[in-house]
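Please find one structure pasted underneath; my questions will follow.
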Amino acid sequence: QQIVNIDNVDPEALASEEEYSIATVVKVDGIAWFDRMRDGVKQFGEDTGNDTWMVGPSQADAAAQVQLIENLIAQGVDAIAVVPFSVEAVEPVLKKARDRGIVVVSHEASNITNVDYDIEAFDNLAYGAELMDNLAAQMGETGKYVATVGSLTSKSQNEWIDGAIARQEEAYPDMSLATERLETYDDANTDYTKLKEALTAHPDIAGVVGGPMPTSAGAGRLIAESGLQGQLHFAGTGLPSVAGQYLSNGDIDYIQFWDPAVAGYAMNLIALKELKARAAGEDAGIGAGTDLGLEGYTDLQLAEGANAKVLYGAGWVGVTKDNMADYDF
Amino acid sequence: MTSQTKSEPRGSILSGMLSDETARTNLLLGAICIVVLVAMTAMRPNMFLSSYNFESMAFFMPELGILSIAMMIAMLTGGIDLSIVGVANLAGITAGTLFGMMAGENGSSVLGLGPVALGVCAALVVGLLAGLLNGFLISVLKITPILATLGTGQVFIGLCLVLTGGPAIVGFPAGWNAIGNGKIAGLPVPLLLFVVICVGLSLLLARTSFGLRLKMIGTNPKAAVYAGVRRGQMIVWSYMLTGGLAAMAGILLSARTNAAKSDYGSSYLLQAVLIAVLGGTNPAGGRGNVIGVALALISLTLLSSGFQMMRLSNHLIDFVWGGFLILVIALNSWRRHRRA
Amino acid sequence: MPSAPLIELRNVSKRFGGVRALDDVSLTLDTARIHCLAGENGSGKSTLIKIVSGVYQPDEGEILIDGKPVGKLDPATSIAHGVQVIYQDFSLFPTLTVVENLALNSFLREGRQRVDWRRARKMAREVLARLDVKLDLDATVETLPAAGRQIVAIARAMLADARLIIMDEPTTTLTGREVERLFRIVRDLQDQGIATLFVSHKMREMLEISEHLTVFRNGKKVTEGPISEFDERAITRAMTGRDLHQGRFAAPHTTGKTPRLELRNVAVGDKAQDINLTLMPGEIVGLSGLIGAGRKAIAQAIFGLRQDMTGEMLVDGQPIAPASVPDAIAAGLAYVPEDRLSEGLFLTRSIRDNSIVSSLARFAPRLWLNSDKAAAETRKMFKEMAISAPGIDAPVGTLSGGNAQRVMIGRWLMTDAKVLILNGPTVGVDVGSKEQIHGIIQDLTRKNDLAVLMISDDMPELAANCNRVLCMREGRITGELSGAALTEEALDAALSKETLGEPA
Amino acid sequence: MSFLRSSDAIILGILAVAMVLIGLVNPAFWQMSNLFSLLKSNVVIGIMALGVLLVMISGGIDVSFTAFAVAGMYLVVKVMVALDYNGVILPFMSATLIGGLLGLMNAGIIHRFSMIPLIVTLGTASVVRGLVLGLVGTSNVNINKMPTALIEFGKTDLLVLERANGSTYGLTAMVAVYLGLALLLHLVLKHTMIGRSVYAYGADPEAAKRVGFSTGRTMIFVYVTAGALAGFSGLLHSSMIWLANPRDFVGLELDVIAAVVLGGASIFGGRGTVLGTVLGVFILVMIQNSLILMGIDTTWQRVVVGGMLIAAVTVTALRDRRALV
């Protein structure tokens, strides 16, 4: 069955005369998020007949990711799609790749330079603002909240939280941040423990903005276990498989995400377009207004400012109890 | 001894440097290197033998190699240094912060060679100071190395976070970048640095009083004190050397990626322990040599590169590393038994 | 007497690589007989013990217990047959308490799964009472001095209801009364039908305690018979294949010379007080006393190993106060520790490394080690000390006790030491080697104008090598013997006089 | 009293001082709910620490137990999901068994090749983790798939109290499981021959062999028990956090070892007590879980954790500062 809906994709765009090898490199191998992306990458290979596969380091580490990319260059792949663990760290190696004629497409890396295209599911600040709007609604626009990030070094997660806090300061004056953002090492149990401790230190906390996906499980468990439904609210990144149970039990009300499978598919699709254009000696014509035919990527927008390689898709998916049945991953 | 002299191109010097047991382990590792090379070539001839493959290895291998050697030095006295990755990142970040301060508004990429040299010095000083702290905790306060360096490792990574606030420091000067990505006479600078460090350290360990004293301390710490070796002082020096090497790795890491961050290279820590041990270092102290570590590094790098080309999951590559370690242990033990 | 001997070895051989540690040895150990095994270092005594106790399996030959051949003998079987060994290194558990060290062994033999602590304490108390010693039952063994550990080891073997107790050099760390007590116990055991196999380098002990003697040389049994057939000379000749002459060390002329080492009103912690001591060039001064008299403390303080020394110390008339061992070495002091294996040598490293380690500054003035010079000087020392080994690259761990001790002394030769402190210079060294080492020490002293402070529990050694001997007791120097008054008997008397007042 | 001179007493002293200090900074520390929560955080790492203690007494270091914990947990949960099996006892027995068998592998290699445990366990950890992630799977079993019996078991409380605002907090029954295991191990170590053989072996392997202790048996006991404890703690962890994550526990091994050494065990073997270990674990967990209470800046937290670890270890090190002469 199809994971990524390609009913609206131009069949022309999926056809290619040559069989290209396109490797997708992710931050870390084997977390639910990138397992989902692998499905999209695989499907793209099946849909187009190209050689596509996904790799990632066994531990989330920039140095290990760079080494993987080096290896791909040595293998002589045609294109690399990359979700960098650290944008800065991969820049030099991506430059090498491009110097050797490899097409490079990235994702979750809006400040990157050494790529042909970067495709973002959305604007990070807006994503965070949306989380805040939701949390504020749950909290009645008043009270204290905390925010979590997987790691202080994670750029996108910190930008989401920046966006959320900015939104609160601008629109919800009766709300306030109880304590600095918590660092939870992308581990649901750490989320749980730290949130619990924050609650002990600040018993009046009524809301949680979750940056990393595991927070949805950690916060969900905390609320379920302590009977805090209706007293502690949550809005944050999460997948239905991770937090759906808590949604349907009413422990938490809102999670937000974008579909990594589609993102993976989109990166590969853009890479293919560019490869074909190069082979034909013409411009791929990817820019503002491009329609990939994939949900959320039908009207790509160019980033403001100088970086003309960064394309934004149209957003995220918000999931509540009501629509969670639509997403089975 | 004779077979080892034959197999080593630099003959007499090296054979003098290596004790019997060491030579045998190195021979085994060398053989493994060749087997891996041949096997991988047979499976992926075009990819594996590509010049780019070797060139890129020459760029990224030295960091891990230097960290492994640093680990080996700590193990020589029967210690261990779990803070090396923290030190490496702290060194890179310190240099980056310094560049940021020196360059001010203009962006540090314009800085010339002078500031880069200053940055290198600053990074090395950070490494030496970190080592001094470790050495102090271990030799003066008598804290078990594993605990002392676990604690300081946290502190160093913590300081990285404090300095950067989390995000990476970017935009190192061009000269800095050249340390990690440049070439001299067609050879990658990191490789050259690695070779220099290897040669320097094997001489230091085998041909100087410093090296001899370290090994003596590792062999029998009590007897070393009775023989007039300033044990505390030597341990401090050895951890400073370890710290300095870690900082060197940090310079390479940040220069190659043109960025510095608190969590770079976190996967290197256990790998460094593994490579050091595989290279014939006795974690209980007294035995260890640079050539063995270099050979272990090369064979493991070849192995993972080859498996990556076969699109084996990286988790299975971890499995292979572990299996490899046990295999070498088994082979060594079998050989010992047969000889006895 | 039952017809079959307790243990019989028939044509046993054991090789280690190229070394024939035991070569076609046959030996009979009878029930309730005190048997003595003698031989030079490396003659195979320990190897034989390990074969009887099942630690090693012989390459050839067979073992019979109670007349029945036992196939493969492992430690558990050997113990089950009533064989108990007290090893040279005691084989105790340093971090465990005295009670446990005593009781675990028995419980294990009884095949128990649980530890009955009350019974363990009772057993321990009883056996120590039999030995007539008091030890803190809850002290960990690592906190005990060597003598204490020895007592625990002996008590443990006694507890094991052994039929044969093997003691590998049991008296090296015991003095006067303790040895007497040990012999008394051994005879008690004999009355209960328990045999003892003694391994010893001490001639007088062999003659005093044993009934039967076997002598090994180079892994072969060279002679055997009732002790009445032997005297000191005969034993020595059997062991070494030649006659030895133990001379006396003549006092040098020291008038007008500055003392090499002088201690004035020195105190070391609470271990030693009011120590006044003068060592002249060319002198060998002995220091005798019971274990715990404070001798070691003084030696360590002089050598910069302890920081709690008060009073004045002069080397060649210059006051010094070494804060560390390197300071002491720089001042010309040298110390050969009592426990060669743990405090002295680096067993896995070469003779060269072991020799140059204390004089590295000379071979590596600025870091770089001058290997040629180091090797040359090591070879020179190697010859001077008459070390027998394949070469200077041989690991010290492969050497016999005597040769290892020569490396220890040789190390200090290479630092040009002026004052040499020897603590137990020939512990665990056989007669042949012992004589040679004594000769070397005397030669060096005369030739190099060394001053030697010899700490020893071996009265004949002190009598033969020293021109003066100081007696210590409870941290104070209580007397001095020299000249004609310096005899073994006088030393023994001085010591036992002290012993009477001080239960160890 | 000999207890007052023991290392356990000193660790208890450090713990008391630290608790008083944290309580002074933020009295909320003393809230019953916080103390319960701390105890809960002790359970899994504490059970692992018991295994590590055993290995350390025997003179080894084990870095493979986290991998074994993952293997026990993930394999069992995966199989439960696949078979749609819902139960508690059999799964826990299986996880324990898996850990135990993996421990047997450690024991076998260490004994057979007479190799340093640190190296062997480094290798087996890599092997086991690689196999689990490479062959069995990498994605979490989340709450939606997680067997409910396990979750219910993990939720069991000894007592439940209510706050003013109606929310509840409880003392998890797993604390009893943990302390029960600790007591059991204490009794085994103190009162059985196999327990004493571990100390004997750690104190001097050669001597242990000579006395007639079977090295192989001791090694098997040590590593199988450590592995079994790890496997058990892995599944317990997953039932307490309501999900099974095959990438869990990465890097935790060093923390656990630190806790055990903090608790007075020696990495040179022959020394260590269960009480000390339990206290050491508590100190470590408390340091890590009181940073927000003490109001420490997120960016400074690692520095503070490292610093406090060093401080705590320094105190213990000053105690047994055996001058090396």
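For reference, chains read A, B, C and D in written order, and residue numbers begin at 1 within each chain.
Going forward, a contact is a pair of C-beta atoms (placed from the backbone, for glycine too) under 8 Å apart; a residue touches a chain by one contact, two chains touch by 3 or more.
The structure displayed is predicted, hence computed values, not measured ones.
Contact counts per chain pair peak at B-D. Per-chain Cα centroids separate subunit C from subunit D by 45 Å. Subunit B has its Cα centroid 35 Å from the Cα centroid of subunit A.
In subunit C, 305 are the positions where the chain touches two or more neighbouring chains simultaneously. Contacts with at least two other chains are made by residues 130, 133, 138, 299, 301, 325 of subunit D. Across the assembly, subunit A contributes 29-30, 58-59, 152 as residues in contact with two or more other chains.
Per the contact rule defined earlier, chains pair up in contact as A-B, A-D, B-C, B-D, C-D.
Of all residues in subunit B, only 46-47, 50, 52-53, 56-57, 59-60, 63, 161, 164-168, 170, 177, 180-181, 253, 256-259, 261-268, 305, 308-309, 311, 313-315, 317-318 touch subunit A in the complex they form. Chain contact summary for the complex, subunit A toward subunit B: residues 29-30, 53, 55-64, 66-68, 70-71, 73-76, 86-93, 96, 100, 151-155, 158. Note for the complex: subunit D touches subunit A at residues 26, 28-29, 31, 33-34, 37, 41, 130, 133, 137-140, 142-145, 155, 165-169, 237, 241-243, 245-248, 250, 289-293, 295, 297-299, 301.
Interface residues of subunit A facing subunit D in the complex, by the touch rule stated above, are 29-32, 35, 58-59, 152, 179-183, 187-189, 192-194, 196-198, 200-201, 203, 217, 220-221, 225-228, 231, 241-246. Residues 82, 137, 141-144, 146-148, 150-159, 161-162, 165-166, 221-222, 225-226, 231, 270, 273-274, 277, 282-284, 313, 315-326, 329-330, 332-333 of subunit B are the ones that touch subunit D when the two sit in their complex.
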